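These notes are about the structure you will find just below.
Chain nomenclature is as follows: A, B and C, assigned in order of appearance, with residue numbering initiated at 1 for each chain independently.
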Amino acid sequence: MVRDALHIARKDLRIEWRTRITAFQVIPFAVVVIVLFGFALGPDPARLENAAPGVFWLAVLLASVLGVERSIAIELREGAFDGLRLAGFDPAGIFLGKLVALSAQLVALEVLLGVITAIVFQVSLASFWLLAVASVVATLGIVAVGLLYGVLLASSRVRETLLPLLFFPVIAPVLIAGSKTWQAAISQHVSAGLGWLELLAVFGVVYCSIGIVSFGPLMEDL
Amino acid sequence: MRSLGEQRTLADRIQRILGLSALAGMVATVWLGLFVTPPDQFMGDLVRLIYIHPPLAWVAFIAYGMNFLASLAYLWPRTRDLRWDQLAGSSAEVGVLFTGLTLVTGSIWGRPAWGTWWTWDPLLTTTALLFVLYLGYLALRRVPDDPELRARRSAIAALIAFLDVPIVYFAVLWWKSLHQAPTVLNPTTHKTYIHGSMAWTLLLGFIAFTITYAWMVMIRYRLGALEARVLETRITSALRERQLEGSHE
Amino acid sequence: MTDLARYARELGPALAPNMGRAMAEAIELRAAVAFSGSFPLLSGVNLSVEVGEVVHLSGANGAGKTSLLRVLVGLVPVSQGSISVLGYDLRADRRRVRREVDLLGHESFLYGDLDARENLAFWLGADHHSPSRVPSGVLEEAFMRVGLSERLSLTPVSKLSTGQRRRATLALLYARRRRLWLLDEPHAGLDADGREIVDDLIREASRSGTTVVFASHEIDHARTVATRSVVMVGGTIVAPVDGGLGDGDSDGA
């Protein structure tokens, strides 16, 4: 399973490297979202500082939907999903591989986005390690849910419209916990942040497990 | 060996009994709630919503729980049967209806009590999220497809949704807490807050709404079973048509 | 010995465990019915194919040729009847047979953003019994065999023409050397040269014990490579013709 996961992850990352879609399309989109929120919420620094955590995570979630959509679309073109089934890859490995690849891209995006949010919304971020760990853990959970719904809907014509509808309600706790972690980091109440980190970890574990177990059966229905 | 005609009557009879008891229960609850029980010291007549709002929420919870269990039953290879999927779907539909009603009654209650149509307290917010969550689930069920395929998809989606519920609840709970402590479940306030005829009416309310839930799910389930039967006949005739196509060369 | 031959040798022992089973029949279908939703793709197929045979599947569009091939590789479940491919009962488990069957479908299974080389390296790396880094000699030989120049093998697949993509997928088939080949319109999109290559590959495969079932409208080419021809109509096989190729007495086929 792990061998297959690495194989698939490498392939996904190589495709991204070739096309630079996340780099040149998704990241700019997320940046635009941040800036627009900045305009919408007005120049009052106190209000901006309050809003920064939520805005950051909203932008990340929007970018995640795009990322998941792309990750699935790659396999749907030219019937690669069929190819994956025929090649004999372990489905759990396929899930993990895509999870790792997409998460890596999103974490990179989050680092960049974090810096930009801090600048645009005029917040000072301390406790970087808390933010970093929270980022990674949250992203794994987000991508796990995204991939699950993505492959669930892969063969459906309404995938693009249904994916956000299904995805966002489930991911609400991550939005809450992520924002709270940022707040903890800003106000330097690290212990409070740890509680939220636990929630993110539970979320991640639950949905990664579901993914590992159900990716196989889900792929069979394509 | 019961004949088909007799079998149908049994289910009809159960359904009728459920329906009548539900009706009776509801009427009793409404009558007791509106006329017999006393108004609250602080909230006045508004407290009468307590006979509807918590029961609605309770039933919604049962509905989603049933949806989860039925979905699991479908996914488990040994008990795989499309009827579990049918049950899951019916339960979710009723659940969403009741969740919507919970939100509305909660909102109506909140307005005079807290001054706003909406508050971000844990229970109400979790309920709102549940509403959207299962609305999505229902949207997924409406995608036209092979019944087995749809059943598998829905079952996994149900899993994803239900496992999220506790996580959502705790997240929102830690996030903000405004809602009054659940009065009936909280033993210390039980004696001082709900007593006498109020307690009995509340209990009646829970029972009446639960029976109503069972009745609605049964109706929906049987409707779904009929739909499945229609689909089966269509499949058999399609098969026969295709075979005829073959023999004509 | 070429890199590819050595590579195939490595794969050989992995496939051997199943060699003992049902060697007489590579494929055995009895009254097989398969649905897609409520549409019957196969309405009762009886088919028996022996190891090493090359069977040509013909029939009008919509007759079920593609569906039959997809059923044989385990992508589509059979809901009635029995089906056995390479000794595997596909009604019990349709996943395990996939490691030993290769499908050449309408889609190329290639990632457009990667070049042919990277694609092959990726797909070949799936075989657990082979090293995850495929020796480049294997790739080179495969590309040479299908007539894909080095320059083309390094071009992103999305920039290749249909025929060139076909050749790339054929290279994958050639390198994977599985026991059963299911080809859906293998000649489609190829120039005369390419078609010759396909015929050669089929003949070579058959000689080395691979069973081949291919669907094609190209009767002429089919004649030269197939050991027998069957016709599909309405999701079932009619008039299986033995020996050479029949006079095609079904209309429109």
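Everything below uses one rule, namely that a residue touches a chain if its C-beta (ideal position, glycine included) is under 8 Å from a C-beta of that chain, and two chains touch if they have at least 3 such contacts.
Note that the structure is a prediction, hence the values are computed from the model and not measured.
Colleague: Based on CA centres, what chain would you say lies at the far end from subunit A?
Modeller: Looking at centroid distances, C is the chain farthest away.
Colleague: For which chain is the distance between its Cα centroid and the global protein Cα centroid smallest?
Modeller: A
Colleague: Please tell me the distance, in whole Å, between the geometric centres of subunit B and subunit C computed from their C-alpha atoms.
Modeller: Averaging C-alpha atoms per chain gives centres 50 Å apart.
Colleague: Averaged over CA atoms, how far is the centre of subunit A from the centre of subunit C? Could you give it in whole Å?
Modeller: 38
Colleague: From the C-alpha centre of subunit A to that of subunit B, how far is it in Å?
Modeller: Distance between chain centres, rounded to whole Å: 32 Å.
Colleague: Two or more other chains touching the same residue: where does that happen in subunit A?
Modeller: Residues of subunit A touching two or more partner chains: there are none.
Colleague: Where in subunit B do residues touch two or more other chains at once?
Modeller: As it turns out, subunit B has residues touching two or more other chains at 145, 149.
Colleague: Could you please specify the touching residues of subunit C with respect to subunit A in the complex?
Modeller: Those in contact with subunit A are residues 73, 75, 95, 98-99, 101-103, 105-114, 118, 122-123, 125-128, 132, 156.
Colleague: Considering only the defined contacts, which subunit B positions touch subunit A in the complex?
Modeller: Contacts found on subunit B: 129, 132-133, 135-137, 139-140, 143, 145, 149, 152-153, 156-157, 159-161, 163-164, 167-168, 170-172, 174-175.
Colleague: Looking at the complex, which residues from subunit A come into contact with subunit C?
Modeller: Result: residues 3-4, 7, 11, 14-15, 18-19, 74, 77-80, 82-83, 85-89, 220 of subunit A touch subunit C.
Colleague: Where on subunit C does subunit B make contact in their complex?
Modeller: 33, 35-40, 43-44, 233-236, 238-239, 250-251
Colleague: In the complex, go through subunit A and note every residue touching subunit B.
Modeller: Residue positions touching the partner: 145, 148-149, 152-153, 156, 158, 162, 165-166, 168-170, 172-173, 176-177, 180, 195-196, 199, 202-203, 206-207, 210, 214, 217-218, 221.
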